[in-house]
Amino acid sequence: MTTVRQPPDPESDPRVKAVFDDIRATRRTDFVNNLWRTLAFDPPLLESTWSEVKALMATPTQLDPLVKEMLYVAVSIANGCGYCVHSHTAAAKAKGMTDAQHAELLAIVSLAGRTNHLATGLQVPLDPAFDAGAR
Amino acid sequence: MTTVRQPPDPESDPRVKAVFDDIRATRRTDFVNNLWRTLAFDPPLLESTWSEVKALMATPTQLDPLVKEMLYVAVSIANGCGYCVHSHTAAAKAKGMTDAQHAELLAIVSLAGRTNHLATGLQVPLDPAFDAGAR
Amino acid sequence: MTTVRQPPDPESDPRVKAVFDDIRATRRTDFVNNLWRTLAFDPPLLESTWSEVKALMATPTQLDPLVKEMLYVAVSIANGCGYCVHSHTAAAKAKGMTDAQHAELLAIVSLAGRTNHLATGLQVPLDPAFDAGAR
Amino acid sequence: MTTVRQPPDPESDPRVKAVFDDIRATRRTDFVNNLWRTLAFDPPLLESTWSEVKALMATPTQLDPLVKEMLYVAVSIANGCGYCVHSHTAAAKAKGMTDAQHAELLAIVSLAGRTNHLATGLQVPLDPAFDAGAR
Amino acid sequence: MTTVRQPPDPESDPRVKAVFDDIRATRRTDFVNNLWRTLAFDPPLLESTWSEVKALMATPTQLDPLVKEMLYVAVSIANGCGYCVHSHTAAAKAKGMTDAQHAELLAIVSLAGRTNHLATGLQVPLDPAFDAGAR
Amino acid sequence: MTTVRQPPDPESDPRVKAVFDDIRATRRTDFVNNLWRTLAFDPPLLESTWSEVKALMATPTQLDPLVKEMLYVAVSIANGCGYCVHSHTAAAKAKGMTDAQHAELLAIVSLAGRTNHLATGLQVPLDPAFDAGAR
């Protein structure tokens, strides 16, 4: 149950078709997941979202592709976005994340959840040594 | 301004001194940051928190130490914990994170913030292909 | 699956019936959505919640009714409350929100998610020009 | 630095004076903290906020006053509201929270932060046994 | 639909069996809920999570067992973790939480959600009186 | 205290200068706030962030400019980003937001914070009537 009507035949709109074709070509799969199928209700929003995701996540950059997906999973967990946790975990597994690496990712994210709550509960003051300007 | 009184001479308590000594030995520095100095108000909480952080973050595991710190930064940003963002960014830099890697980390975290809000706003239904049980 | 038992015949309690009648009269519909049906487990909590929602959302105030619903949707997305995203999006559509306005609302909310994460990741210091006391 | 101008002489407005007098009488102190001094910029918002806080937090109810303050601290930590963490921790201490109870509160909140992130990261399905309707 | 494969016969692993046996003995029930069944995919993560939960939640400490569960529910609501809200609400009810206490818990958590947003929206400055170091 | 070193003379980099010039021209002011001065540490991140903010917030679109700023403030409050709350509140005031409108914005955001926590605490099931596909 989405908050917008998913267009029944999204690729009848040439702008949507162009994005879906690019998703399939970039990811080398016929599968276009529901986020994109739902965003198809507004072609400009679909285009701008995909172009940004493609530039950062599907293009070689400084960071390793698997590291990038793991960072995405970490943020999605902390933001409580179930769909995003599922889709980026699947992407990380497709890029080679093992069960042991997944377990360690979850262990770090949950440890950070713990110490984040501790630091906020204590209202710890910043150490001057953390000043980037002083490094 | 913390929510607990930082003990003025924390290392007069032998349990606190033992943890601080271990922090200094593990990290090879004399610097003990304010989170630990504040947690010193309750030695058992200090001990359990440090032992968990040490086991995961200061011990060789599957994931690269720098990757682990970047995951920690990512979660801390999404949780809005300023102290944690500062302390783990400093730790990541100490482990070799370049300015370009830092910029890319921020770009991914902020892109995830964007698509997390989109997926939540659309209430996108899960694709059956994301079912881990079916893989 | 709720965390409280929804009363099977909520309107047998006169306090619940009075609130439900007021909801129907205020909104000019027979439909009473599940939030209220669930809150019926505790009539005082039901009454205080409805009276506050009615005063702010179903009464003419300074802001346009559609703007108020869009603000409600925005907060609900950022708080990750799926039920609230659905119910207030439906309310906004009932008050005339077009698909294009909905798309723009989502674009702004997701852009804010992005720059919020950037500002938090950078720990940007406040500009003195933002001081309301100085204006 | 607030986002609204704190009125320089808030009690010259009789509606503000009435609320401040009630805060002082209810809490038996001359101290009116900054949340109320800032809300004084809009007397109706000040009145409605105080009347709700008074009814729940400064009036005998089912739950013990100290338990209520500790719940308030817990939510404020999870929501990342620094001002609220400070003000409700101070209130809990004024109501008798010991350092050991405070440490335990922080331990529980941070453990919950940890397992919340784990459950979200795993996307654990609900057990039918948790259905309140079936109890 | 979880993000990891739940082992079909988790107790064939002796480390998992030991934890499940301890959960059953500690809680005096045959029921092992899905969080633990899912964590069984990684025995070390299962062990460390259970040992921490047991030490704090299933062992007599300073705070009353029901108060501890209510604090856990409060944090889980603020963090938006649906599974955790359900499981800890069920645990609180098993420990004797009445419907009226549950209603009051929800009233406090939602009032805190309200004033947390107000304080953040106003960016209220800290009162020096809240300085724990000065008490 | 930022997590990156703010370049001391950012406009010596022509890419940064071009963005700053565009910010000044678009907003018709000499003031370039700290978010942009900090992002100057990485010109590509600065460019992509500004181009997106400009396209949505500084260009005529369907929604009224003041409404867009108020939505931005609402999301920033819910995400707990203090810098963003300040900067977008200042922007909304510059676009004509009155004190009464500001008070009403805060009232709605805080009411949403309240009912979001209620709906999450109750785990209210979705009403079929909210299904956008059925409308």
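A, B, C, D, E and F are the chain letters, set down in written order, and residue numbers restart from 1 in every chain.
Rule of thumb we're sticking to: contacts are C-beta pairs under 8 Å (C-beta built on N, C-alpha and C of every residue); 3 or more make two chains touch, one makes a residue touch a chain.
Everything quoted here is computed from the prediction, not taken from an experiment.
Engineer: Could you name all chains that are in contact with chain E and with chain F at the same time?
Structural biologist: Both chain E and chain F are touched by A, B, C, D, going by the contact rule given at the top.
Engineer: Which other chains touch chain B while also touching chain F?
Structural biologist: Common contact partners of chain B and chain F, which must touch each of the two, are A, C, D, E.
Engineer: As a multiple of 5 degrees, what angle does the CA superposition of chain C onto its copy chain E give?
Structural biologist: An angle of 120 degrees brings one copy onto the other.
Engineer: With chain centres taken as the means of their Cα atoms, state the distance from chain B to chain D in Å.
Structural biologist: 27
Engineer: Between chain A and chain D, tell me the centre distance in angstrom, where each centre is the average of that chain's C-alpha atoms.
Structural biologist: Computed from C-alpha means, the inter-chain centre distance equals 34 Å.
Engineer: Report, in whole Å, the distance between the mean C-alpha point of chain C and the mean C-alpha point of chain D.
Structural biologist: One centre to the other, that is 21 Å.
Engineer: Going by the touch rule set out above, which residues of chain D reach two or more other chains?
Structural biologist: 1-4, 48-49, 52, 75, 77-82, 85-86, 89-90, 100, 105-107, 109-118, 120-123, 126, 130, 132, 135
Engineer: Based on which chains are in contact, what kind of graph results: line, ring, star, complete or other?
Structural biologist: Contact pattern: complete, every chain touching every other.
Engineer: Of all residues in chain B, which touch chain F in the complex?
Structural biologist: Residue positions touching the partner: 80, 85-86, 89-90, 99-100, 102-103, 106-107, 110, 117.
Engineer: Within their complex, state which residues of chain C touch chain D.
Structural biologist: Chain C residues touching chain D: 1-6, 48, 52, 126, 130-133, 135.
Engineer: Report the residues of chain A in contact with chain C in the complex, numbered from low to high.
Structural biologist: So the residues of chain A touching chain C come out as 1, 3-4, 41-42, 44-45, 48-49, 75, 79-81.
Engineer: Write out the stretch or stretches of chain B touching chain A in their complex.
Structural biologist: Listed in rising order, the residues are 1-4, 31, 33-35, 38-39, 49, 52-53, 56-57, 61-63, 67-68, 70-72, 74-79, 81-84, 86-87, 89-90, 93, 98, 100-101, 104-105, 107-109, 111-116, 118-127, 129-130, 132, 135.
Engineer: Taking the complex as given, what residues does chain D use to touch chain A?
Structural biologist: Within the complex, chain D touches chain A at residues 73, 77-78, 80, 82, 85-86, 105-106, 109-118, 120-123.
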